[in-house]
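Okay, structure first, notes after.
Letters are used for the chains, namely A, B and C, taken in the order the chains are written, and counting of residues starts over at 1 for each.
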Amino acid sequence: MPDLDRDIQDTLASPSGASAQLPLDASAAAAVKLGRSIVVTSGKGGVGKTTTTANLGTALADAGRSVVVVDADVGLRNLDVVLGLENRVSKHLLDVIEEKCSLDEALVRDRVRRNLLLMPAAQNREKDDVPEEKMAQLVRQLQERFEFVLIDCPAGIEQGFRNAVVGAQEAIIVTTPEVSAVRDADRVIGLLPRAIELKLVVNRVRPAMVKKGTMMSVADVNAILRLDLLGVVPDEREIIIATNRGTPVIDIEGSETGAAFRRIARRMLGEEVPIPSFEDKRNFVTRVMSTLGLGRS
Amino acid sequence: MQIKGTKSGLLLHLYDRPLAGAVLDLRGKLDASPDFYRGSRAVLMLGHEGAEAAELAAVVATLEQYGITADGAVCDSEASAAIARSAGLRLVAASVAAAPRKLDDRTGPARNGKTKRSHGAHEHASDADEHGTNVYHKGTVRSGQSLEAEGSLVVVGDVNAGAELIAGADIIVWGALRGVAHAGARGDDAASVYALRLEATQLRISRCIAAAPPPDKKRAHDPLPEIATIRDGRIVIVRAEQPHR
Amino acid sequence: MPGRAFVITSGKGGVGKTTTTANVGCALASLGKQVVLMDADIGLRNLDLVLGLEKRIVFDIVDVAEGRCQPRQALIRDKRLEGLYLLPASQTKNKESISEDQMRDVVRLLVAEFDVVLIDCPAGIEHGFRNAIAGADEAIVVTTPEVSAIRDADRILGMLGQRRARLIINRVRLEMVKTGDMLAVEDVAEILGREVLGVVPDDEEIIDTTNRGEPIVLDPSRRLSKTYIAIARRLTGEDVPLPSFDDDGFFSRLRRLMIGTRSHA
């Protein structure tokens, strides 16, 4: 029977560090501090890239940062639906790249958070239509205007994936604790340029199944992937409801999943937030303190 | 007779007998554009049946006339392997007849520089000379990545499932070997695979293939270094503590 | 009488294409058919894992296409079920390693010798998708009763040309349908406008079986096993009624939304 506490302790040994701010571009006349460009990728479809992008974007916006979430899934867009903005999409990424409209005309502002914007993907075109250099340029432009550029990557490792990655300086690898997902994540890691900083999010964890031995533990996953762990997100039915409603799950009262995304956002901002064991409702830190007789039980 | 082009060169399907027929066929095809393949290398797929050494020599000579070098043969039996050897062709496993792998970015350019250094430093210098350059790689080899060495291949790190290692001589993994390893890929039955944790999906040595046994749960928490070699025509795995050879 | 080739596709990733391919394939074989399961997800192969056949792969579809082996040499015979074979994808290559014509040729060879060919399609609508559908006569579109999945399935339906397409609705959670938190089967079918080949309830046991490489159909005592057998029987032309879930399809804001989005496709 896997010891969940010890597993998490081991993975905490290499905590995610402070946010890697890019150095100021010294050659620019007016020093523009570039935002962080982060691609959310996985290889395997359906592990939660879009949900992660939407929720992290929302959480970072709540923390006061200016955020743009970019839907790089040309042809099969979903980020707009998850954010409940599909009725507000008129222009999109390809229109901007082809100079049919300006950046501002394409960006869609979130209904609730003024500092969260969406760059929608085109629905009726195909991924081969977007040249890589143009995508990189677009991401760079967005970095000049926003503190965070989160790029929602399509499933797979084809041109769509390459386009999503080309502008990114950091990557969040999302996986679930399943053999196929971990295998695909490993493949993707091998394809990402060395220069990109990688972090891992393990999604859809079901602690009861891990305990029974019918699901991989986070430690099992990371024994293969060997990445800095950014966060662990539990599985719950609230996710489906939230997605269907176009509300980020962090807005659902009492959602453990939502709370996990908020913690991840805090870590992305440089805070040291311990990763809780989901077996115990109290978080890890409180548990340690209570065994030492220091905290309230 | 078929000619297939792959990224590494040509594959010639020479399954039909007599081989003399293939020579005519070959001329016919190549005459259509005589310089098209000049400078390429070719691997000959000889199948099961044997043939006259002279016939194969004629095929090789014909290829030379069009600037194509025959430098390997894939043989499915000892009969065909014998004539391949007589023609001076090295035996190649089907999986090696494929395109030479390019290392993806994240694997890093381990080959350049290190290869030259390890060539001299290698203990069994004679092996290195015989097989070719050795490759040393540091870091995890990821699913879908492939590392190839003419001589021996050393990886300091894990080799994940879905990754592939191919070496003319030995393979040594200082970490967990979970993918597929093919040692002695050019027909060296004496090659071995060494790993700190030998959990390979599949092991291949020369022309022997062995699928992984079911995972040993007891040993999972206390893995021992192991060595895979060929004994009596089969791949066996021995614990590293036991005297080797 | 040549066999039939079906592509199992979805658009959205993670809705259960590979699991469906494996289990429907096993179910067909258990009904006495000669079946080949073909993994078209080159570079991200998973069908071999789900079937537990990874360790026996020597040649793959790219080897067949490049002439490095005969198609027969690449087929892996499943030792647990008579008549079930796997043609694996390559892991070290990518989808550009094979062309639509080559795929068509391979499928043609296979349908000449087998009753059914099931092609496991990669997620998305890129090169890999086009390769996968190239050889297929018919399509089985897998979706879950979720907005994103339905939207992508809708898009896929528009890219299948004249092929007959039927639906498998996966991961249905009856309790959630009853409380109005999930679309009913009838609603999904109506939105996508296609015949339903099968409805598969959500079942935690599937995760473990796919991880261990033991398709759930191999255990006749599991309830999902019966579901897949029913799907297989319908595929062979038998008239097996869909189970009634006793759910009232209801008209939600969601449904209006879906009908609205369909016009964008």
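Note that a residue touches a chain if its C-beta (ideal position, glycine included) is under 8 Å from a C-beta of that chain, and two chains touch if they have at least 3 such contacts.
Because the structure is predicted, anything quoted here is derived from the model rather than measured.
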item: Far-end chain from chain A, centres as C-alpha averages; value: B
item: Pair joined by more contacting C-beta pairs (B-C or A-C); value: A-C
item: Cα-centroid distance, chain A relative to chain B, in whole angstrom; value: 41
item: Chain B-chain C separation of Cα centroids, rounded to whole Å; value: 35
item: Inter-centroid spacing, chain C versus chain A (mean Cα positions, whole Å); value: 28
item: Residues of chain B engaged with two or more neighbouring chains; value: 143-145, 161-163
item: Sites on chain C at which at least two other chains make contact; value: 43, 91
item: Two or more partner chains touched - positions in chain A; value: 183-184, 187
item: Interfacial residue positions of chain A with respect to chain C in the complex; value: 43-47, 50, 75-76, 78, 81-82, 86, 123-124, 126-128, 154-160, 178-180, 183-184, 187, 206, 209, 214-216, 237, 240-241, 243-244
item: Chain A partner contacts - residues on chain C that touch it in the complex; value: 11-15, 18, 43-44, 46, 49-50, 91, 94-95, 122-128, 146-148, 151-152, 155, 173, 176, 181-182, 204, 207-208, 210-211, 254, 257, 261, 264-265
item: Chain A to chain B touching residues, read off their complex; value: 183-184, 186-187, 189-194, 224, 226
item: Complex interface listing, chain B residues touching chain A; value: 104-108, 140-145, 158, 160-163, 178
item: In the complex, chain C residues that touch chain B; value: 43, 45, 54-59, 63, 66-69, 91-92
